[in-house]
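Each structure below is given as structure tokens.
In the two complexes below, chain A is the common chain; its partner is chain B in one and chain C in the other.
Now for the complex of A and B:
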């Protein structure tokens, strides 16, 4: 080849040759490819700002129910008989152009003799400073530990009705805070029941197929073609009147959970039908794994995130179910206090026209439902971290 | 088509039988024979119950018979339009019900119609102008509509009507027409009151339908055949109407399976809140007074209404979409 002519000038890189050079990942890519599924989902979820915000709101709400007694300015059953249907008192900071910190003006009571409506006048000379971190109405913390500590209390001898009072002179704000404890947990317990039922029944149908599947499918079809609310109404009306309020509470959550599982079962079934044909599933079966182990250990984790997302989306319907049932007088009954029980007062439209703040318990209901919806949407998007629309 | 129809009809009848058994179980749920609890309640109030009346009721419901025969008595009574005996009113329910059954059907049907008529144009607009201000605004409105429980919406509307107009909107017919035979004027009176409950019940369904239609249409619009059509110079309007819209409409009808139960649910509670002259308030009062035979009959009526509506929608869908009638409805 060479015939004595000098070689053509060319360049040789003095660095040692590395065959993997183009495959090198940046630190960022490395982190991404090594991340676990849950980490990926979290990153994905973080991008959904509204969902994160709603998640924070819900966390705060659920945190609140842990310390309802402290947050509420009044105790659950404390009645202010001199202040029935008192209007909400506004928090003010300045009195006569002078800053004196948060306070409310006192209320003066009179009866309108024409309409027989209760009238309250704001007394602009009566300054009642709100006390913070104070001792007020006695309560039993979670029904166990007696205490008197509150985040804020009315002034000595004064009142603090930030959201008004009801027919019996209960402070609405305190009752809404206490009601959250019941209303928010109904959804959680209900969804837990429906989750267990849905996974078990859907899992059986999807894994075994055949006649098991056929029967489950028929049951699901029948349940789905029934209007939910009338059925809930009938079942909760059938709860014995002699039951204690706590039993009624659990009865209602069981009823809510019992009728909600078909949707979840359907999702589990269709996923399992597809996944049970996979090789790793056959391998597990050949090695002698039992059906519960295969379903629980190998198949369910594949779509657990989807299930959680769809469960989040069905919590609001349970909260609404409880609210509606209690509102109609078929669900929880006083002395148990939930948002639905509070709304019973709003059924009397004449009273609502005179005292519109009776409708206020619907605000937390709507906020919670909206928050759960957005959170569920965000979770559903995040549940599939490898989908193409992200990253 | 006829085999499909036949099979569908058979499953519907079977479903109804299963539902009727379920409802009958619910009727039997409260402890004790309900007639005896009713009698004891009356006696505790110091009222005397005539022995003939008790005997009549026992015979009427066959309470001495074994359970399965009681069930048969109840079902055949229902088939003949006998809804039971109302203790609260002290007369057969048929006399109390009056127009309520018909009005219930009218209310639910108009709500479904409302949902379609409103969600169709909005859904198409949202999808064809994705990410425009109109789209964002409508999506936001839809979310609010989805999250506001309909009975609370009813309360708010009743409150506003009371404050602004000083009138009650809680009725479906003007009082002078109640228990009158049907006439043109009566129908008009119903129509003029119908729209408020229809909007209240239909809001969440409309919002859900808009979301679904928008998503479906967006999926269709990204497909290759749309690009091809556009490349070949089809005008936008024609392109939209000719193919993607038809495809996106399919779930519109098949979705009635989800829509109808929720509309019926909604109409029950909204009727109860607004005390409309439908079956809702009767069902509620029957449940509150523990009158389970009556409640069961109405529950059954609502279930029949739902199942029948779903059957009709399936038939409609099979007429529109040959894939469904040929594969025997498996694709649903």
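Now for the complex of A and C:
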């Protein structure tokens, strides 16, 4: 410039300055960039078809336990001594080539004197129409409101054992429906307990570090090194017999919850160890925020989504834990009915050879556990919405 | 009694005349040829016990074969002593006591017992079995302060007095009491027998009176025992049958050293019984025990893994076992049991629960409990109608049976039961459960060993009918030992077990099960312990009806007159039925017995019972044989 050459031509664009000109966002992209993390997760989750389906299944299952009394054709305590170990009755629509709506054929009971077996013959002349939206066995809805209304009932004087009966003549379908109430909620309550414990203890360990962390880690190591099943058994054997079944139920959930927190605590701790060094954390501390506030308000929300996903994944282990304990005769006891309690009956060779329907409570256990696993899988993918792997 | 015993002894002796030609056992033929074993004629006592097999279901057989059985734990090796059932005196199939190992038994006035051994009888290792073995037991075991700190066992004492023991000659011993001892012979004949002899030649090596001190100390150290008494006890448990070196008189002798999951018992070469054709018993060469978890025994039996099985299988399994008959070479026999009840509830009269004790000790309360059980429903639901509803008392097969014993307070009558409880001043709360005077809910815990799934099913039915009575029944399964200890200490209020052990008694059966005589009695463990310990432990009886039972039993002991004894028995049975000391439910439930189709001489209809009977023992398993040739 100093050699006196004429200045370069000068140009000023008259259009207003738009810094985003080269990367113009579509409306779609705009929505995406402005969305909250939860919204992003939801969008991401929706793409995981199986997880959505499983979520729907679980919603339906949990919806069912709200109205177990109405869904079950029989009341929980209803015993049919005349129909012990009756096989499942098939629902039919046509009788003698004629459509007459859903019905079952009656059962005829006899004893085989040679093998001492109970025999049930289907009586093809005895048409028992299933009644819908009907009055049947009396019950107390949620133990409070008396009622008799059922979704479906056996014909007057007839039977309706869609999944057969057990050794005292209880309808298996009704028992499975009632059992869901216990088996499905055990997981939720247990996880709630382990969540609170895991976050609190893991949070303290991670935030303070040092000797607090050291002690917590040692405790976790000890807890983890104990064999799980014997520990459950010991703890549940310690529950006093005179407790009411409801208390026992809470006792079991507390036991399951108390033993499940270490994994979660470790996850929280390692996250916090990293996050507490962030600038915003230092800033909060300098502004005088208390440790609970820093942990709860600033640190935890960073990975809450991850926590939810991992919680979902550990619910099935709670459900299996209850089932295993009850199966071993150490968990819930009759008259409380859970899927594990029902499976106690299926422990012998008779169930396998003669009464295979006693093993049916396995089906809802498998369905529930699988559904929770897929749901957790979907949630885990969704929990990190900015990653692009796989989608 | 004397006449009967002598008569049977004579039969055994005369039959021995035909013993001129004994048949060598193929199993030992090689050993005899090599000179390792003497030939059969020299192995048998000079007068063997000749078993005459000539009934419709009892025929003489042939040697050979293995008998496979399934067991659940290594300690079950003791069952071979039960099944083998070689006893000094044992029950025959008419439930009479007859000499077995003894050639003859003389009883005078019920108090002088002269035992005649068989000349030439040998232990399973070939050493002579003589009066010295009895002397060794009496002097060096029963009266040794280290081995028996409290002296000879209860069956050897009458009112605390021990017998005078004499060795008459090499094969004769005599026990003399000043008063009759009705316990002596039944104890010798028990399913779990009392042994009054020990293999002295073997055990002297472990006894400081005979063994070299340094030698013995070395053995004690090597075995890791505290002292010689512990070592001696470990080596000498004849009933427990866990030492393969211990010589035996049983038909089959343990070969495998425990612990193991598979046990082999081989035939005793010096066993004292022969059949009428001169074949030394047992017919079967070997018995094997395979350990299996209790839940798997029915399945393994149905798969044909056992040749003779009744343990571990029950009424519930009959259908599956019958189905297996088509696929596997066995048949299922249905035997009876001699128990008073399949499942019985025992109110613990010694309970320490201050609120419930007055109720449990109240006769009316116990009657109400019994009336509120629907025994017909239990029979139909749990036992498919094959049992017989009724109290825990003697069975119709017993000469002492009266139908009122079975039916008194045993009908299902909720109205009467409720009226009784109303009369006791137990009002119901809003949930329908009664309240105790202290304000506590009438909640009772019934404790069960829970080994048998039928037990729990019965309790569930009882639970539902007792609820209508206003009683909240809780079922608590726990381990057998824990259950016993909780009953003994009085912590358990109700417990569940099977009923009377021997519900087929006759007038001469000792009525010990009727009155408080043992801590094992779940209705009154402390009173029983008080009796057993001679007043040192437990508590004295403080209930008039139980005192009366004890007095009647005492009267029974002092009389020898059968009619008088029968009357006393029936008095006791009447009191028990009226007082409802145990609450029976269903009785006479069939017991499946799985038998290989090739196995002979197993009765089609037997009684499977512990005492008397020793399970298979009374049917002489040493006479069972295989119809197909299994000698190879």
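Following the convention adopted for this analysis, the second predicted complex is superposed on the first by the 365 of 391 C-alpha atoms of A that agree within 3 Å, B and C clash if a C-alpha of one lies under 4 Å from a C-alpha of the other, contacts with A are read in each partner's own complex, and residues count from 1 in each chain.
Here is the rule we go by: contacts are C-beta pairs under 8 Å (C-beta built on N, C-alpha and C of every residue); 3 or more make two chains touch, one makes a residue touch a chain.
Every value quoted in this text rests on a predicted model; they were computed, and no experiment measured them.
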If you stack the two complexes on chain A, which partner ends up touching A:84: first (chain B), second (chain C), both, or neither? second
If we overlay the two complexes on their shared chain A, which of chain B and chain C does A:323 touch? Say first, second, both or neither. first
Counting only touches as set out at the top, which of chain B and chain C does A:124 meet: first, second, both, neither? neither
Partner chain(s) touched by A:167 [first = chain B, second = chain C, both, neither]: second
So in the superposed three-chain picture, is A:297 touching just chain B, just chain C, both, or none of them (first/second/both/neither)? neither
A:46 in the overlay: touching chain B, chain C, both, or neither? Say first, second, both or neither. neither
Could you tell me if A:349 is touching chain B, chain C, both of them or neither one (first, second, both, neither)? both
Would you sort A:362 into first (chain B), second (chain C), both or neither based on which partner it touches? first
Tell me which of chain B and chain C touches more residues of chain A. B
Chain C-contacting residues of chain A that also contact chain B: 329, 347, 349, 353
Show which residues of chain B lie in contact with chain A when the two form their complex. 15, 18-19, 22-23, 26, 29-31, 143-144, 146-149, 151-152, 155-156, 158-159, 162-163, 168, 170, 257-258, 261-262, 264-266, 268-269, 272-273, 283-284, 287-288, 290, 292, 295-296, 298-299, 302-303, 306-307, 310
Complex contacts: residues of chain A adjacent to chain B: 218, 221-222, 224-231, 233-235, 237-238, 240, 316, 320, 323-324, 327-330, 343, 346-347, 349, 352-353, 356, 359, 362, 365-366, 369-370, 373
With touch defined as at the start, can you tell me which chain A residues reach chain C in the complex? 77, 79, 81, 84, 111, 114-118, 167-169, 241-242, 329, 333-335, 347-350, 353-354
Touch list for chain C against partner chain A, complex: 295, 298-299, 302, 315-320, 322-323, 377, 380-382, 384-386, 443, 445, 450, 453, 457, 460-461, 463-464, 474-477, 590
